[in-house]
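In this document, chain identifiers A, B, C and D correspond to the written order of the chains, with residue numbering beginning at 1 in each.
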Amino acid sequence: MEKFRFLTAGESHGKCLTAIIEGLPAGLNIDIDFINSELKRRQQGYGRGDRMQIESDTAEITSGVRFGKTLGSPITLVVKNRDFESWKKIMSVAPEDITDEKAFSTFRPGHADYAGSVKYNQTDLRNILERSSARKTAIEVAVGAIAKLFLKEFGIECSSEITQIGTACCCDKFKEEIDLTKENGDSVGGKFVVVYKNLPIGLGSHVHWDRGIDGRLAQVVMSIPAVKAVEIGENPLGYYGSTYHDEFTLNNGEIGRSSNHAGGIEGGMTNGQDLVISAVMKPIPTMRKPLKSVDSKTHQPTEAHFERSDVCAVEACSVVAETRIAWVLANEILLKFGGDSIEELKHNYHK
Amino acid sequence: MEKFRFLTAGESHGKCLTAIIEGLPAGLNIDIDFINSELKRRQQGYGRGDRMQIESDTAEITSGVRFGKTLGSPITLVVKNRDFESWKKIMSVAPEDITDEKAFSTFRPGHADYAGSVKYNQTDLRNILERSSARKTAIEVAVGAIAKLFLKEFGIECSSEITQIGTACCCDKFKEEIDLTKENGDSVGGKFVVVYKNLPIGLGSHVHWDRGIDGRLAQVVMSIPAVKAVEIGENPLGYYGSTYHDEFTLNNGEIGRSSNHAGGIEGGMTNGQDLVISAVMKPIPTMRKPLKSVDSKTHQPTEAHFERSDVCAVEACSVVAETRIAWVLANEILLKFGGDSIEELKHNYHK
Amino acid sequence: MEKFRFLTAGESHGKCLTAIIEGLPAGLNIDIDFINSELKRRQQGYGRGDRMQIESDTAEITSGVRFGKTLGSPITLVVKNRDFESWKKIMSVAPEDITDEKAFSTFRPGHADYAGSVKYNQTDLRNILERSSARKTAIEVAVGAIAKLFLKEFGIECSSEITQIGTACCCDKFKEEIDLTKENGDSVGGKFVVVYKNLPIGLGSHVHWDRGIDGRLAQVVMSIPAVKAVEIGENPLGYYGSTYHDEFTLNNGEIGRSSNHAGGIEGGMTNGQDLVISAVMKPIPTMRKPLKSVDSKTHQPTEAHFERSDVCAVEACSVVAETRIAWVLANEILLKFGGDSIEELKHNYHK
Amino acid sequence: MEKFRFLTAGESHGKCLTAIIEGLPAGLNIDIDFINSELKRRQQGYGRGDRMQIESDTAEITSGVRFGKTLGSPITLVVKNRDFESWKKIMSVAPEDITDEKAFSTFRPGHADYAGSVKYNQTDLRNILERSSARKTAIEVAVGAIAKLFLKEFGIECSSEITQIGTACCCDKFKEEIDLTKENGDSVGGKFVVVYKNLPIGLGSHVHWDRGIDGRLAQVVMSIPAVKAVEIGENPLGYYGSTYHDEFTLNNGEIGRSSNHAGGIEGGMTNGQDLVISAVMKPIPTMRKPLKSVDSKTHQPTEAHFERSDVCAVEACSVVAETRIAWVLANEILLKFGGDSIEELKHNYHK
């Protein structure tokens, strides 16, 4: 994660989310509409609450871009939190505004609340949940949208698709499964696949473990909130060596492959085939049906239940995965081809 | 991977494998027998070729340890390649020894050969395969054994277990599956689970994506040669929110959990439960039954087949995973608790 | 620079400067007035233009702090550029606003203009100078002010002092030298010393070159715009071994030193004495008296002369140095003592 | 220090010094004789003890190079310690060999002994001094020699020169100054300058403080044992803005400069002129004339005096600086131009 580096910040109900990206070449076209369309995609999907459908995140760029092109200097992205006005006092930076309003003491199973409060020595769990919230993925998607714009310069495109919702493996059944889950006041997870096409051969490397692109991709996908499993290519458990490995073919002297079970990665490197990564998302941990919990202050049994209406967020998760994968690919291209301007980089890329 | 940092080096048939580890505190007891026992574990398992059973790797320490204790300075580990004498000329560093003997031009499906030769501009594929070989995991295991020794100081212990070989999910069937595969001149993959017990709460963090311990663990496991999938805890696809999440319980005022589906990680942090990570290994790509390939020099069709007798290396892979996970845990403990001597670190840890 | 990590962004006439800091523990008191007072100090000093004296930077915190205390999550700092309204169109992010107004083509000696335009393939030098401007040190000082607040928790305090202006080595002569320089339409540099007191023994290390705190300090000071030399402690050229080295003394059984020529660092580590670092700043490269230059577009000789009235900025530079040194010290303390909350860190620190 | 990364290890009287370098492209010619000639240069210079003149370090490569060319995989360098046989027991890794022989308890002023023993909780100071010894610069020079070989591929060459010994500024007086110091049983420091020629424009950057090449160079030079000051270009204190800055000139349409006071760096970037860096080395802290000290065990006053005959090591220090600067330049070229093979890199470089 060295050349394309960035930091993100922001609480769920704070003033805004912010990111700074350092390391992109100068001269890259930045299409703000594309960034906003990615932010919108993240907010959608069957199974999201009504709130998500209405409000629409937009990004503002406050540095690093002039007249639509990157300058080579760090890019600042800001995504405002629309309801900040009503949280202004509760999320205030100022010591004098201290209040117990909206303080929170029930450890929610499946969340950072418990471990986070122990780690950071906090009694008001709001001080943990404001940052552990999936809200922060909005700014991550904005960062990834910029990475995608960079990849587009080289003709690299991506798509994603939901392949399972709960136990339903057929896409005709997905809505049904979500509707049923909603009726039960429950939540449900799922599985999706992301595909990147037209990648160059040799991103990543076999020469040192931490240069393997498979590991870097697994890191960015597994660290998405709620993701618990990552796969590259086909699950090998149904195959033997003779049926799993992608044999080499020759078509008019051009080297090709008979299949793509490996998902486009061999020896920790892209091999010129489509990159195929799947991930499994757990059911959202806040639901109408309450879970048993404990109160952090009273140390008494209690229930964790929440008025939040997302039943399934697998589609949003796939957008987050797409954009995070773009981080890794952009970084690998920058490392492999060098270049301080997009023109120089393209020269090196297309030699 | 910041405080416990290391580099590894070495070709499969070169003189030796080497690692340098920087960042461990002074005063840690280094039990060389334990390191060697881990190296031995890596070489075993049903399904390995005869060669593996006989030869036995051992590590030598050439810096950073004196009278059995770390000095705080970088530790050098060396594992000799036992058959170097017969490869001396073929793997020579000297320009004048250049030879075509053992040169290699058939791209092996499932290996780094193709992408690696394109990336590094090599025609003799030996220049790729010597480093992409799983041989390099020997020195990685030695590094991980030192990380395990460090973890033991805090009572942290690990175990692993094979849970599937090919399509056989029951351990009674594993040998049978391997024997059958061997008869067919084929190879077979599998799945294993690693469990770490007695971890402190709060390794990793929710505050920034790259501090999530789930992502860091996924990286080290997915980048093991031949691993194609990583899971943390139970696969959530069979569950709803109400059945997946691990409810909080109270036992005599002590906070506990009713289950451990999350595999010990919530919000990117260890939560005090057992850490449970599974991985799927693909079938070894070299087998008696040949795969179709292309010759890199002649650009003619050919066959990739090899005289190597490993049929299944899932057990070795689980040892590699155990030790790599130890890298991450050691690093997180060093970051969380600080300390330049083991005494100082223990003071901070047990406060 | 691992545990206390941050990125800064912002153009000189853009909307704002931004920084995100990641890695501070939770529970640290953030005194916004202190941050603003450091920003003010940076804007002052004899020899600055009138503009500097009037306008006053202030920082806003938009994440990572609640009710005056850090949350452990990333902190966002924003310093607005006060004259952005008049530059809005010229510095616009939008492609449609493209204009040649304020475009710039004379390479200024002593600036990034020439190398930057070659590197980033830019013809309008404004695209370089907007970021290379010393304006960016405002947000760096804000970051350093937070590091200083962290250091204060451990009783670590700092001061700085100008020791030379041009060839004037006596502080009575500094104003005179600056006045004379101003009359000549010229600019003048100088030398300053920064002292940090009450540091713990053992920040940095001798075990690996990049862990030496001397090198890390030299990096942050030398990379301040206009700094060309860095010294730690006394210049050794006037000494022999027998007179330079700081002998050990005993006062009532307490180990002390007879002198501090080493400036508080031996073997790449703090040794418990005051940390003493000096730096030399070159004369500001923009002055009334023009320098010979070349036009980047016409490739014709021209003159680089500028309506900017700073004659000497050594005092501001010393404030930047103070705060940058605080970055390094904060990071080293975080690495050495660990801790995710300020309470835990203090426990480890004061053991 | 991202793309050209390495770790070094080894105690002064241990078995050997080791380094692993990761990140160089494949196909680079490695001339072992050049590496050894650099090691020899480091051991020479007027004022060194007799021992240095006789023994001669040589490097062995045990990975990453085949038939004289890099493979793209990590390179291991080993430099043996010639007198290890006589230190075998004293520096043994094995716990059972524990002994007090050669244990050491007098804090030597100017060394890491005091801070190191506090930091790492050691009573036998040998456990500190074995690593803090300047012996470790031997393997650093070997690493730098490889970086120099890389730079040579692009026509980049370097030289260095001593400019001051103690207070003697004229090279005719250097030997005299050293002889006099030796007679007095004392030691003396000095100053040297390193010059790199034929660098490309735009190594480093102005866009973020830690990308400035001036800071990176200052770090590698200041962290050399005994270096206390670093300067880039001319000392600006004797100049005004109008006389210091290097004006642009035109010679037959070619942009040039009237001078090189800036030492080849403006805005944190190389500007196409010669890179000029000076450093000041303190007098060696071990000398015949004893310094006052304290015994770490008895807490009684004592004297630190040593049977080591180096009086002045400024020349060796300049070799270390040359090679460390090569680390930075190699890394910057790798970052700027990309490339996984030397052929690809050259294509990008010479476009």
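By our rule, a contact is a pair of C-beta atoms (placed from the backbone, for glycine too) under 8 Å apart; a residue touches a chain by one contact, two chains touch by 3 or more.
Predicted model, so just to flag it, every value in this text is computed and none were measured.
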Pair joined by the larger number of C-beta contacts - C-D, B-D: C-D
Farthest-lying chain, centroid of Cα atoms versus that of chain C: B
Whole-Å separation of chain centres (CA-atom averages), chain B against chain D: 35
Where chain C and chain D are represented by their mean Cα positions, the distance between them in whole Å: 26
Junction residues of chain A - those touching two or more other chains: 7-8, 22, 72-74, 119-120, 131, 202, 205, 207-208, 340, 344
Complex interface listing, chain A residues touching chain B: 1, 7-8, 107, 109-116, 118-120, 128, 131-132, 140, 164, 166-167, 181, 184, 186-191, 201-202, 205-210, 212, 214-225, 227-233, 235-242, 244-250, 253, 255, 257-258, 262-263, 266-272, 280-285, 287, 289, 291-294, 299-301, 324
Touching residues on chain C, where the partner in the complex is chain B: 2-3, 22, 72-74, 202, 205, 207-208, 334-340, 344, 347-348, 351
Contacting residues of chain C [partner chain A, same complex]: 5-11, 14-20, 22, 25-27, 29-30, 32, 61-69, 71-76, 91-99, 119-122, 127, 130-131, 340-341, 343-344
